[in-house]
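Note that the chains are named A, B, C and D in the order they appear, and that numbering of residues resets to 1 at the start of each chain.
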Amino acid sequence: MKEIRDMSRELLERQAVDGVLGLRRGAYDIVEPHVFRDPGETSLLVTEPKWPLAKTAMKVLRDAPEGFRLAVVARGCDERALSELAKRNQVRDRNLRIIGVACTEARAKECLCDRPYPREIHGGTQEPGVDPFEDPRVRALLEGDSRERMNRWASLLRRCIKCYGCRNACPICVCVPCKLEDEIWVEKGSIPAEMLVFHLIRAFHLSDTCVACGACQEACPVFIPLLSLQLAMRRTLKEEYGYEPGMERDRRSPVLRNIFEEPGTRKSVPAWVSSGEHEHD
Amino acid sequence: MTKTVVLLCNCFGEIGGVLPLEEIAGKLRESGDGLSVHVLPSLCMDQDAERMGTLLRDEGADSVVAGGCPSPARRETLRRALGNAGIDPARCAHVDLREGCAWIHRNDPAGAARKAADLLAMGLASLEERGASSDVWTEVRPECLVIGAGPAGLAAASALARRGVTTHLVERSAQAGGMMNLLSRVYPGNEDGKSRIAPGLRELEENPRIVFHPRSRVLSVKGFAGDFKVLVQTADGPLHLRTGAVVVATGAGVFLPAKMYRYGELKQVITLMELERQWIRGIGDRKRFVFIQCVGARCPERPYCSTICCPSSLKNAVRVMEEIPGGEATVLHRDIMTPGAVLERYYRKAMETGVRFVRFREDAPPEVTGSETVEGVRFRDAAGGKAWALPADAVVLATPLVPGMDNRSLKDLLGIELDGHGFFAETYPLHPLETRMDGIFIAGSARWPVSSEQAAAQGEGAAVKALGILGQGRVSALSLSRVPGRKLGHGRVEDGSCTGCGNCVAVCPFLACSLQDTGNGRLVSRVNKMRCKACGNCVSVCPNGTMQIPEHNYRMVGAMIRKAFSE
Amino acid sequence: METASERSGGKPVKILVFACRWCGGIGAERAGWKRADLPASFRVIPVECAALVEPDAVFRALAAGIDGVAVLGCHVGGCRYDEANHAALKRMELLKVLLDTVGIGGERLCLAFGTAHEDHQFAAVMGDFHRLLQGMPPLAPWTGGGDEDSPRSVGT
Amino acid sequence: MALSGEPLRPGDASPDVLVIGGGVAGILASLDLARAGRSVCLVERAPRPGGQVARLDKIYPTDHCAFCPLWTDVRECLDHPLVTVMTGARLAAFRREGERWLAEILRTPPFIDEGLCIFCGRCVPVCGEEALSPLLDQAYPPIYRIDAGRCTECGACVSACPTGAIDFSRKDAAHRISAGEVLWATGFREGDLRPLPEYGYGTHPDIMTSLEFEEWTAESGPNGGKLLRKSDGGTPSRIAFIQCAGARDLRMFPYCSAVCCMHALKQAQWLKRRNGDLECTVYYTDLRAVGRDYYRYSKREPSGEAVRLIRGRPGLVFPLPGGGIAVKYEDTFRGDVRIERFDLVVLNGNLRPSLSPDREGDAPAVDREGFLDPAAGFGCGFAVEPGDIMDSAVQAAAAAMRILGRDKG
């Protein structure tokens, strides 16, 4: 906390950056994202509550004049989201600087976060992450045979009121227009949303991008545990290709590459799909 | 107001025998929207063309759904009929009612009938949403770029120049000829290395159509088949070219067997290349030569056979026997690789001249003995296991050709593929000189180790492929793709909605997609229509449906899915 | 084989097939030439290449009450569009994972990357897929119908 | 027969180039020539172009089927305005006339008209001689074919055919082709191995040549890719591939056929892939895997694809009374002589160039091994030098270029 404030002030004072994006506790204790430009102001900087800043950073940089240097007070998930946005050319991260905040153990548990800290930690101490698959809540969602899971998820998603909160809160979703608003894919005016398409399309669009920040489910007014939709796909990417969204800035998703460059373990390929070309490195 | 006509082929009872065509036709007519439906005995016989043509004209049709067999080869008459009625072939949807329905569901007529109705409904739906992207053309630049002036490059350049094509021959070193300059003799004949390239060099001298750029390298190649924009760094500064085709003939490198078989330690342990030089400079009084094959080849680090080392060693072994009085040649090998008639004959000749061949096992390689100089070679005969200690004056190591050091950079620069070893790869075995990029061809040891003779043949082959493009005034994207009956045009981007995420760029096999800055730092994807083959990868990874192939857009797919089980 | 495309539950099996016009398509055609005997439960949408199958279309199909989707492409390495089908295969594998997560079952997405010669393979794939889906419950809870033999609201 | 400067009759032609042989080499050369603006007449003996490659189920080293790339090129050939394809045709006479070559082509039109046959198959059951069979592996679209040997021209099929595709009145027709250049792409045929009794070829149905075996096990073959014994339809458990059977053998073919090693490895690996517990043994002299990825392919041993390689050329192959085939060989690495029992024996190496040494008219001389002397005329593919698909394709392109180089255009 203190370290973060000091670092922000210091960066602004020696004009290493033109602004620091963080949370400000203003009048009446209202906390909101804010771009600090005046070193003195940084005394108002806070790091709680959890508030995904990646998209805000994107907008700030987009509207800022060319060459504007921004520092972002970022948690691990913010940093990873920013690097995913950068991969998709949504953020020019050469003008971007991370002031890393490590989350508390409690926060990590709350978020089911397996990596509750950024690459470089400037504030807080590194706590071990939790394995989401060990968490009873997740277990309860993913266990059971397919019929049980089908009924469980159907009834969960049937709550959807189609507020698009999950999409809007997601630090990676940036498309305009969005497929979810196209009636070819999702029927207009039907509530609950054609949940099979609405939520599965959404989930799959993020399959190789989701940094598991949990913003979607925190934004859901009817408590649909959306994060758990992503976990299995994230695990598969890790097992097949050793790929974790947000971790390697310069590595595109293996799903976008051919099988010579990113062969994966090919566990899931039926034998007769195999071909001499698997031999290529 | 569109007028759609449905033509149902009875196929002489092959389809009507299973499907109640008239009933289906009736249902379609009732379904309203002014459909006119006709059941015809056939759609592919000569007399049908006329009949269908009149029928379509009378109906004033502008789009057609044809239910019949799927075979493109049997659509000629229908295509003629559409022509007669002045209907754009893109406005005709083919529905497979025979192979895909009548023939495989004949024991379930009811199910087959339902399926047929659904398939026709899907066909109709597809027509409503189907767009069209016209084919694109480019004027062909009648010049060619050949990279590398070895046997392959020279052959290609002179072949092209003789056909009147101005050819830019870019060579990294100062002189043409490549490895031929280093060889004393070349197999399978026994002629002098230089003589193999003499005709090419003469052409280079005499034919003004070959523009030779020594001490030069290609910096960038942009554009597409028919019109490549090439930047060459020549000895006297940068040079901009526009060429219709590119031939990559950069050759290969030679593997240096550092520390293997005491190479570098004993000066009588040499490589084949060094032996070639010594033949030129004078072989000295050495008599007993031992050739060791597969030095650094067919091993875990280089898991391939370099093709040329066995014949080269045979050549030199025979020469030892024939030209050195009292000469002795022994070839230690793991397999003698002389496939075909010519080389096998050569192998027999070597045996007849008295060359000794002994096989060793990969796991028991020979051992060079001697302290100051080579004294001999110790090895175990794989056949029978007899142990040998063979006195030798010289040990010659047959080392493989290795991928040229520029291959990686050239790959990125040209957008063509390397194989798992680092040589340039073709697309199909049937098209060994063609790469994934239309208009860029590969020849010689740059694509795989070959003899100078083979390299020259490949050079000529690449030349004829290039002529296939250069010979035409202009080429179209469809004609280049050479996919018969290909229906799709090319990807298309809705500017307004492209987020510039670059997924399409990452996934396109043909480097057809690129990101362009529209100012204010906003990136938008662009499709190079000449390169695009409409495989649709970009469509599937585009997060918000910005990238589409008009002939097969998502609205069309969505509509077809909704109709798939409407019966 | 059984021609009745009826499922034990009474509802007919519905299969949507995306067949690349090279291997998948020609394989299907050859199945016709050989007069294979197949259940009339599948509808084919021909595509130029398996790469052209948008994952969203699979959801779209399942949402439309289709029980299973088959994607037929060429051998990995046999693609007529260079490496186009590599990425397609990877996408579809990942898609199976999501379908498993939500209990639809990855097996409802059938991937067959074969070669044009393999008409018997096409027949086998379609036959097996049909039988598999016959044994599976309908997607009723997803498509709104609700699942008879299980409580309506299983929440957390 | 009379071959002179009479005026051309209908069906005669005077193309720039006459390509003899519609295999992969001939097809590719024709396309290259046509793309460069030359008119081509392509003469093929079989009812469809495609040659030997069309008989292959899979091609090494990528294990794809040859069908669709080959079909693509055949299709382009058939559709190309500058290419005339004559199938079911053979070279009857051939000679130089002034600046050009004059060839007489005897064409046996198929009883069944390709353009009319809709593959309905109604002709099959009505034929008492079982003379009709589908031609669908190499042909696209497929058609039926009448085995002239069996057909009695009873006409039952003619009346059964709904499209009038069958017509026995069509007789052989002679066409005269006057060509500027001739390209020999006559490929190879299988040599008869019976003169080499030690291989036991012809003594038992389970001793096959590799091409027979390829068709027997093909995905599109009689067993839909299943591996069975030819003798009793049982399931084999041990297969022997004998390399250089007839090749590198001074009694028959002194040369190396260049394709057999990889061909055998391919077949062995595919069998293993389909049936893991199958035991495949390859007897080789030199394992000649020289092309791109061939060596790797020969070493490839993923899950149970291991193929047993034995260096040695079996000296005796004979059917066992109790069933099965015995192979007697010396393992030259172990240096011991042994006899093993196999269910199937596949013989590799009986490939010979199709050009016959007995010359037709001014047909170019071939050497005593039967290969065309490159100096004597333009040639490509196996007619000139044994090689696999890639070699033939390269040679075809090179030959096309040399032909173009002839005339200064």
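Following the convention adopted for this analysis, a residue touches a chain if its C-beta (ideal position, glycine included) is under 8 Å from a C-beta of that chain, and two chains touch if they have at least 3 such contacts.
As the structure is a computational prediction, the values presented were derived from the model and not from experiment.
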Farthest-lying chain, centroid of Cα atoms versus that of subunit C: D
Contact-richer chain pair (by C-beta pairs counted) among C-D and B-D: B-D
Chain closest to the assembly centre - both centres taken as Cα means: B
Mean-CA-position distance for subunit D and subunit C (Å): 37
Centre distance in Å when subunit B and subunit D are each reduced to the mean of their C-alpha atoms: 24
Chain centre separation in whole Å, for subunit D relative to subunit A (CA means): 59
Chain centre separation in whole Å, for subunit C relative to subunit B (CA means): 32
Per-residue overlap in subunit A, given as positions that touch at least 2 other chains: 179, 184-185, 256-258, 260, 272, 274-277, 279
Shared interface positions of subunit B, touching two or more other chains: 71, 419-420, 483, 507, 509, 541, 554, 558
Multi-chain contact residues (two or more partners), subunit D: 62-64, 69, 72, 140, 293, 296
Subunit A partner contacts - residues on subunit B that touch it in the complex: 419-420, 497, 499-503, 506-507, 509, 515, 521, 523, 541, 543-545, 554-555, 558
Sites on subunit B touched by subunit C in the complex: 70-71, 96, 98-101, 103-108, 111-112, 114-115, 118-119, 122, 417, 427, 436, 483, 486-488, 507, 509-510, 533-537, 539-541, 549, 552, 554, 557-558, 560-562, 564-565
Residues of subunit B defined as touching subunit D within the complex: 11-14, 42, 44-45, 69, 71, 73-74, 159, 162-164, 298, 303-305, 307, 335-345, 348, 361, 382-385, 419-421, 423, 425-426, 428-433, 447-448, 454, 457-458, 460-465, 467-468, 471, 482-484
Subunit D-facing residues of subunit C, complex: 22-23, 26, 30, 33, 35, 74-75, 77-78, 80, 115-121
Of subunit A, residues touching subunit C in the complex: 137, 140-142, 144-156, 179, 184-185, 194-197, 200-201, 203-204, 207-208, 225, 228-229, 231-233, 236-237, 240, 254-260, 264, 268-270, 272-278
